[in-house]
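Labels A, B, C and D are assigned to the chains in the order they are written; within every chain, residues are numbered from 1.
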């Protein structure tokens, strides 16, 4: 194992994948996380359809940014090409997480952006969480997972969003994808998104006329955590 | 025990039944799973009303496809005749699961099919999950559990469904039944159905005008997992 | 301890009380269960405001059917007089359970009976679960817990219900009470009621026009479990 | 450690903070609890952004009632100034808890007071749980957390509420704050508020015309637990 130059990202991908069931974000194998190594241009990702209790770091498949398997005997996640496209186009991300968590998926199924109703949301995003519209039929029939990556990227381009600021999206009729500097951060974002999605659902049930957070509060809360003068956390 | 020729299906039925509380699908004894042996023409099923913590493989009752007990001192599940009818008529199924899981049961109580709103659903079924209409009064007063089996089969006939493709149904005003090649797969389907049922409920709450998934996406997702060119999982 | 003639009901009351947090039916100390001994005319009940983790069988307070403490140094549950009135008037019950479980309490707060929408409900009751209307102001200002007992009894009288058939009620604006032949059965009924309450809530959300179960199905399911020819369970 | 004159409040703050994840009230680090020492005029509070599993009593930061750190190397919670303002102005409180628990936060996001629908609510408060309106923009841009403290205090002044009777508030578009004689009581109130918030949400879903509890019942239940003749608990 000392020879395995991918051991570090395999370990990171393994730990991050195991967080999905621990955080209640997946049923059975309905999710996958990857961790990238920018130096060697590859990422480690969960093998397809393998139960979480049978996962080990060594089983994580090593894939390059074109989606070609570089190391590993197992077939990688069926969503691997989506991960590859995002890594190839968004050079500052180090991890990607995909789940079918209940409330985020319900918003994706309803084809609605999640409105920014409160500071829990604003602590992480200054905008409504975008829902990418469903893909054109010709792309679905083509290289579907590859196109899902571009579906995400194009949604960000059309809305003028920066993937370094907004680290989550709903893929319409499908489910959420999240990312971040590391696989751990990507999974963190999956859990945050599920919580925000549930809160927004309940908020509209309580008051169908609930309005979006005003700009001054959005700005304040996001800058508390993320601005140049942020004062949340220990550094 | 080495003499017991039913030990294998008893073990399978036991393991599958124990998954119901582990997956949060049953309260007390409100569920039952069976595992069939096509060679000997029998199935092993949970005894009626016995708490899960007191179950053992040996307590699983052996019943033939006409519903007659072949081995065992305990009374089999009160739903045994429904299982028997399905095994007798649908020769390719090896396991059946019945629960009163909350969200699937609520859809059954509302007498509505569960609309196919997203890819979580399409990964498992290409159609709305059918809800069989309530039984006629004379059948209810007659051999009720036996008729429940035919209620399921007739619903599939009327809708032109194939039980090898659609492995789940809601029995109107009652609760879900699911099946599959094995008892394990039947229970897997019970959990999938409950998740789909909850997601569909929340989806309609978020957007009452949510529309069904378009056909191209339904086809793509189902074939990813189940078509001749499926590329999900390890084989 | 061998001298303690109440040890048996104290043990039963203790075990039943400990089931409330195990079944997720209580937050902190918001619930209480009692177990009666018809021979000596007393019941054992949870002391007031004592956390579940500090309970022991010995701490269960012994009270007679007029509500007078017979044994024990702790103050009995503040709802003790309600229990006493029910034991005194309904001679066939051996246990009573009171919780503020979320969904049953929400129905009580909405002042609505829980409609019988499916067979999960019919397995336990042939009717809508009654919600007793709020008490008159003069009774509230008087001996409140004592009157709560009569509020329950009068609701049953007005609706022509038999407490041996219907073992649960919602007290309007307050919360559910359930009972049965034993404390264990009373707690079982608390859990069943909470499940039925949640299912009925979701059913109406999915289909606001959901209709009550037809009589033939109500009859069939209840008699499966409770009629002279019942065939559920092992005897 | 024997020298550390703040060890007692650090231990109390630590224990109370650890209750937040145990009670399911926080995701990751989205909450903080403090414990005050009125003799020395300081409080111990959770350090900012530190995961609960890494907390120890020694890591609790000691801060005075003007918000100045008195002891500790870690940065205190970003909400520290809100705590400081409340301790400085409300001299009878010994603990404060802040969470983003799902249902209470949803009510805060909907900008509605939580109506008093039942006795679970009345056992703890005689009024609707107040929702403070969002802050003016100039205050948000200024000393935000400091102003949040005054936002809470002013809401109580405008509604004529006494913080010794009503120990919880929703800060509009943000989330709940609760307090009490001790940090333990403050956390207890956080859990009670979340339960009341969920019950009220479900109550309105079941019956949109649900009406507030009548005054006689409000009075009775609150006095059972809190009046001079209270008879709940053991003293």
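The rule we apply is simple: a contact is a pair of C-beta atoms (placed from the backbone, for glycine too) under 8 Å apart; a residue touches a chain by one contact, two chains touch by 3 or more.
Here the structure is a predicted model, which is why all the values come from computation and not from measurement.
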Least step count from chain B to chain C, where 1 means the two chains touch
1
Interface numbering overlap (same over half, different under half) for chain A and chain B
different
Between chain A and chain D, how many degrees of rotation does a Cα superposition need? Round to steps of 5.
90
Taking each chain's centre as the mean of its CA atoms, which one is farthest from the centre of chain B?
D
Report, in whole Å, the distance between the mean C-alpha point of chain C and the mean C-alpha point of chain D.
33
In whole angstrom, what separates the CA-based centres of chain A and chain C?
46
Could you check chain C for residues that touch two or more other chains and list them?
205
What's the contact topology between the chains, one of line, ring, star, complete, other?
ring
If we use the touch criterion from the header, which chain pairs count as touching?
A-B, A-D, B-C, C-D
Flag every residue of chain C that touches chain B in the complex, lowest number first.
117-120, 188, 191-192, 195, 198-200, 202-203, 205-207, 210, 213-214, 216-217, 220, 224, 231-234
Quick check on the complex: what are the chain B residues that touch chain C?
27-28, 30, 47-50, 74-75, 78, 100, 102-103, 105-112, 134-135, 137, 140-141, 144, 173-175, 201, 204-205
